[in-house]
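Below are two complexes that have chain A in common, paired first with chain B and then with chain C.
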Partner chain A sequence: MEKQRYERPILKKLEMGMPGKFGVAANLPPTTHIDGISVDSLVETYGSPVFILSEKTIRSVFKRAKKAFTTRYPKVQFAWSYKTNYLNAVCRIYHQEGSWAEVVSGFEYDKAIANGVQGQHIIFNGPDKSAIYLEKAIRNDSILHIDHLDELYTIIELTEKLAKKPKVAIRVNMDTGIQPMWDRFGFNYENGQAWDALNKIMHSGKLDLVGLHTHIGTFIMSPQAYGVAAQKLADLAIGIRQKYNHTIKYIDMGGGFASANTLKGFYYPGSDTNPTFDDYAEAITSALLNTQFTPDNLPLLILETGRALIDEAGYLLGTVIANKRLSTGKRTTIVDIGINLLFTSFWYEHKLTPARHYSQYTEATTVYGPLCMNIDVIRENVNLPLLNKGDHFVIHHVGAYNMTQWMQFITLRPKIVLIDQDGTAHVIRENETMDNVMNMEHLPAHLK
Partner chain B sequence: MSRIKALFTSFIRGILNSYAQVFFSNHSLFAVFLILVSFFDIYAGITGLMSVIISNTAAYLIGFNRTFIRRGYYGFNSLLVGLGLGIFYQPSVELWLLVFFTSLLTLLLSVMLEGVIGKYYLPYLSVPFLLGIWMVMLASRRFEALDISERGIYMFNDMYALGGLNLVKVYDWFTRLALPDSLEVYFRSLGAILFQYHLFAGMLIALGLIIYSRIAFVLSLAGYYLAYMFFHLFGGDFTTLNYSYIGFNFILTSIAVGGYFIIPSRYSYLWVALLTPLTIIVIISAGTLFSIFQLSIYSLPFNVIVLLFLYILRFRERNLGSPQLVVVQHFSPERNLYSHLNYSGRFNPALPVNLSLPVFGEWKVTQGHRGEHTHQHDWQHAWDLEIVDEEGHAYSRSGKEPEDFYAYGKPVVAPADGWVEQIQDGIDDNAVGEINTVQNWGNTIVIRHTDSLFTKLSHLRKGSFKVKEGEQIKKGALLAQCGNSGRSPVPHVHFQVQNEPYIGAPTLEYPLSHIVHHAEDRQWLVAWDVPVKNDLISNIDRHKVLENAFHFVPGQSLLMNVSEQGSPMRQEMLVVKVDSLNNQYIECERFGARAFFRNEDNVFYFTGYSGSRRSVLYYFFLAHFKVVKGFYCNMSIEDPIPVDLFHNRVLLFFQDLVAPFFIFISSMYTLSYTRIQDQLSSPVITLNAACEARTLKSSSGHMDFETRIDEKGIKEFRVIRKNRVMEVTCI
Partner chain C sequence: MKLKENIAISDSGYLFNPSTGESFVLNPLGMEVLQFVKKGKSFEEISKEVLTRYSVDSITFEKDYQDFIHQLRQYLLIGSDE
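Let's turn to the complex of A and B:
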């Protein structure tokens, strides 16, 4: 018989009166396995901390999202937002599922090409596109989403050199009734900047205006904002047809769909309250179907959703380093995952579950990372079972941004493991080594 | 000048066809054979030709339908009368005068019969000839100026007159050939159709018959020998056949019933077998009756039996396909058969409207036709559609609320253009699992597509209608949302086709025009589909470039630059045309070739090809035999090519002989959607087609094609055939 685990004694205030509707026990269901592989064995094999990605989840979430749109609108195309997670393995899963690539830098552009994406299926977004990469993109027939007039002028200059008619769209920002209003990308709808840019494009005669793009914000909790945005882009498209007899081929609604994470300050968990793909799809497609587009002239609807597609598929596995008590008496747990790896803990109340069963007793705890920095807090306050040193736990919904925005700071970055659809684990990114970091450094002679 | 030339061409065609029409043909070579045979008796030949010319010219001057004149419809009865008169009487001015008036009489009789029995969809066959010749025969007995001819009785005299001693010797040699009696009579019977009772005539006609149609030739033998056997069985007097060689009645009846008016098949042959004894009865009985007036019955039995049979076939209510009447006459049993196989296999010509699915995206049929729940009795032809995820569930979360179902709230769109006939709204959604049997259709919309074709969509969401009654709607227009009202335990769309505008009307079996089926790792296209339970289906998403490339407008011309093995060969001009029957075709005037096509919403097809295969049009036709106008990378379409349009002629000859029973050669067209480049601004689509001829399943030759299409249309295509490459650029 296995030796009973030691759990430290706790003192807990006895709640009198009516019990809450959830009862008194707060059993946190543990996450013992991910896609059939035990968390303990994953940590044992690949070390701690380690990022785990589930291919099965990636694909099924993608299909769910696609279905939400294709059953409401006849022409839909997803473009994988590289910045969300540009691990080659991840990108290729999305490309296999039919996604194009949406990139925002030369680096991402090259990565998309290296992943076998045809130039014509790369959407080049972002405020910083160097002339070199613009030229490359034009030669590859990629689609340029123009962010500002300076970029527009650069592209027009390039056309003279390249003797090609680049495919362009403009990025439009607008008031969709939500705060904060993102007006830093592209041209404003309400004050006429967008029409100004469109007129310049059409009058130049050197660019092929193929689409309209907007990126209204991030983690948008109100789907209706997308409805407003779609309506405004459709108005522009119809205006262009009336004014120039030119048909816009697509409307790109950008990204910004909320994932199942809980934003800080929200009381109910995000998985229960955040809008679903169906909510966004309903808002966008019904706005488009109710415009003046005739059924056989509907523009292609492009979506650059990143976060909502991948968040759910990512897990971060870690180990308890120590437990200690603050001066206030508050219990804290120190873990080997810091904000250098879990950037998103700045704005999410990440769901954190133990990797094995515990008794029903929990204690309000602050979870700190291992960094020697005061800001290294993973959860300010979370009811956790009584974890001991060396116990494993799982942080959920970390698939988006963490594997691109993480930093090499104080510690080295860990491995990333993908569990494929058959339940086999593959390392898709090695952990950093001392050499990786040192190799990039040069020591001036006088310091040797 | 060109008008005179055209008139002259029509005139010659009219003459040739008047001869060929005797055997239901429009085959020029066959006509030449027949003219030759008719001139075996030079005077009869002359009177025959005279009567054709008189008839056709008179028909033209009076102002009858020129197409019919050109097809020989008005000439062949006069021809027979003319030949008959020419044989019976010695040539004289009086005879020729008589021929003139008899031809006129026969023409008038033809036109009258066309009007009288034409409205019962009956052909007048050789009834005008019968009436004409009987009247003349009875009347001319009073014309003293006419001398009875002895020609046609003393064969050797005739031969000597025609070709001297040598011909007599040749003929003598032929008669000494140990031909079985029956075969000899067969040839004589064939010759008797043109009043030439000798072997030569019959043999030449038989040869022409083989050239014109193998099926007709086999039928002629079949009809004849069936009668021969029947006579033997009943101990009948075969001399009845022999005397004036009235056996041609069996031959003509057999060709008419077996392959000309009926699509050749085992059913048509069965009917030939059933009708032959009836023909015998008519021959004997009519012969007895007519002998009173000393008249020959000529082709009366054939006319009686064929008209009787064609008339009664129209009264069928069931088994319309066995045997199947010829709808579009191609003047050849082979072409009738192959064209029928082509049409019945590839199209559904009876459908006035092309229906698509009334939803966007991929849906699952959860109850098909004759379903186990509600699609029964009068309402058996309907579909219930739901959306399912990869695990096959129709809902997420608990599935206890209608909102949990994927289908709920999804757009429902018009399956075809039409008008909103009726809307029923205001019925609340049921809780999941419950049904409303009082307002069982729930919120419903009925759309009128034609005056007798309606579609009905039911169980929609209350208050979600985006259209109003009477509104005109385009295919794909948003109508309402899927709901859970009426007799609907879970949210789904009920889709049915009906003949009446009412909610609750009986359903009509009517297929969807073209839809895409989905399975785990592949998708395929089904034409004229009635999807069944558990099918995952979606509409074709049309691609503008393909839509534009195959949108041919009458008057449009396509200039093709042809080069072979890299060296320029020629230029050909193809012109898109449309005829008075709305058949659209592309014509190559230089080679006189035509490729007929149909352009529907989602699909472009070529339906047939006629004329020389040397034209580039032939390759154009094969390369784009059927193109679905949506781009689905790596999806391929298969479609059978009519065997007579792709196989080599030797093989086809043998196929023709047994075609009504057994098709052993086939040819298959496969189109693959290979590539699309630059999808958004100036897309270029590459299509790869292959035509493969198969003989008894093994490949017996094929051609490959590659077409590149851009926004302006078809840019170029390549033909690869036995390592030879032909490149065609469209300018």
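Let's turn to the complex of A and C:
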């Protein structure tokens, strides 16, 4: 006689919560395959945990974003935000799709050059640009987004040495009606800092002011804030033309668009409630089109969105280590993915799905990582099917930041695999080994 | 170990404890195990029955059985006269 499929016995207390107008599914369908490859076979081949990136999704989301803007505004350019995910394979996909590079350090600048990006297509942001890299960027005709006056004076000094007129923009911070207001980067709009910097640039005669840049924050849930920001940058651009008869070539709205992740504290899933590319595009392009820019004089619109482009394409596959109960009887599941790999679990309720079909029975579970640290919590409370030790699962929307902000802490970092458009898997970053870590250390003679 | 006498269990796996007013649901194996417990069967008897019919090893079932009994105890569904 064939034995029946086993599912551990459970007793689930029925809790009466506050009634909601909209129901949220308690039991998510499993993710058995990613781009045609089974999750179990990916884990078997590449180990657990493992990051998986879908090239198909990267390209399709990019096309969706591009369409949202280009259908509303005639001149649009994306610049891939390197810090969001600077794996060479990822960057090259975006560059193939036509993105420039947006970098915020010398390290990222060199990566963009190594990825074959032409100098004039690299936007150099960030508060820390050394004189060496400023010189390199000026020689390459890259665009410098000036963050503070010390940087402005350094660039002016360099022009004397290099006999070149660097292409520059200033980063402008401003009140867009949302909190928190990011004012630590760039020059403030409301208190006149921005105009002060612009006047210094124009009067120096040594710099080519080509653009205006802002980056109003991160995971912005209010598209209208971008409309306010675009309006203020447009006002500056129009003021510059009136005062100096100088035309600003582009307005760079930075990044900060929300992805489909769910922020902690939000009741409904981010995939249902977060703004879409169309929402952001409508706010930004309407603001620009409604200014005094004439149709033949519209500035190029540059977008540096990172998170909203790549989050959806990233998956993190893991394995259940153990199940146990807390003193309260609360179910907990320990998995092999910790906050060292999933940095974004600090602010998202990441969607987590099993890798195979289970029955309809679920239990409210806390998901802990493998680190011997109390803060290592992946989900505080999530309804999960009755997972057993060794079962695989998938964490969704992890493409942004996790593969750059991850830490070599307690465990070694795993492989990253890209599934190409034909459904073939490629390792695009090897897992760390003991040698990788040990080779960077030196033992003083008296400790050998 | 004895299930409290006034606990009501439906055929569909719904359980009601009139002493506390709390309601629970059981999955099919939970229902089976609870019926065994109600009949006063020992762990060894229950384990033998389950291992014969389900694709599970004895260690896994023992661990899950203990967890299930712990839950019954946590929710005061098992009497103190065990």
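Everything that follows uses one rule, which is that the second predicted complex is superposed on the first by the 429 of 448 C-alpha atoms of A that agree within 3 Å, B and C clash if a C-alpha of one lies under 4 Å from a C-alpha of the other, contacts with A are read in each partner's own complex, and residues count from 1 in each chain.
Here is the rule we go by: a contact is a pair of C-beta atoms (placed from the backbone, for glycine too) under 8 Å apart; a residue touches a chain by one contact, two chains touch by 3 or more.
Model, not experiment: these values are computed from the prediction.
J.: Specify the outcome, clash or fit, for chain B and chain C once both structures are aligned onto chain A.
T.: fit
J.: After superposition on the shared chain, which partner residues are touched by A:Gln4: those of chain B (first), chain C (second), both, or neither?
T.: second
J.: In this superposition, which partner touches a larger number of chain A residues, chain B or chain C?
T.: On the superposition, B touches more of the residues of chain A.
J.: Once both structures sit on chain A, report the angle chain B, chain A, chain C from C-alpha centres, rounded to the nearest 10 degrees.
T.: 130
J.: Of the partners chain B and chain C, which touch A:Pro180 in the superposed model: first, second, both, neither?
T.: Touch status of A:Pro180: no partner.
J.: If you stack the two complexes on chain A, which partner ends up touching A:Pro444: first (chain B), second (chain C), both, or neither?
T.: Neither chain B nor chain C is touched by A:Pro444.
J.: One more residue to check, A:Gly265. First (chain B), second (chain C), both or neither?
T.: neither
J.: Tell me the contact category for A:Pro29 with respect to chain B and chain C: first, second, both or neither.
T.: In the superposed model, A:Pro29 contacts neither chain B nor chain C.
J.: Could you say whether A:Ser359 touches chain B, chain C, both of them, or neither, answering first, second, both or neither?
T.: After superposing on A, A:Ser359 lies in contact with chain C but is clear of chain B.
J.: Just to confirm the geometry: in the superposition, how small does the C-alpha gap between chain B and chain C get, in angstrom?
T.: 35
J.: Check chain A for residues that touch chain B in one structure and chain C in the other, and list them.
T.: Chain A residues touching both partners: none found.
J.: Can you check the complex and tell me which residues of chain B touch chain A?
T.: Residues 359-363, 387, 389-390, 396, 406-407, 409-411, 413-414, 466, 474-478, 539, 541-542, 677-682.
J.: Which of the residues in chain A come into contact with chain B in the complex?
T.: Touch list, chain A to chain B: 60, 63-64, 67, 69-75, 118, 120-121, 141, 143, 165, 167, 208, 210-211, 249-250, 278, 282, 285-286, 289-290, 294-296, 300.
J.: Which stretch or stretches of chain A touch chain C in the complex?
T.: Touch residues, chain A against chain C: 3-14, 323, 325, 329, 359, 361, 386, 388-389.
J.: Could you list, by residue number, the parts of chain C that touch chain A in their complex?
T.: 15, 22-30, 32-34, 53-56, 60-61, 64-65, 67-68, 70-72, 74-75, 77
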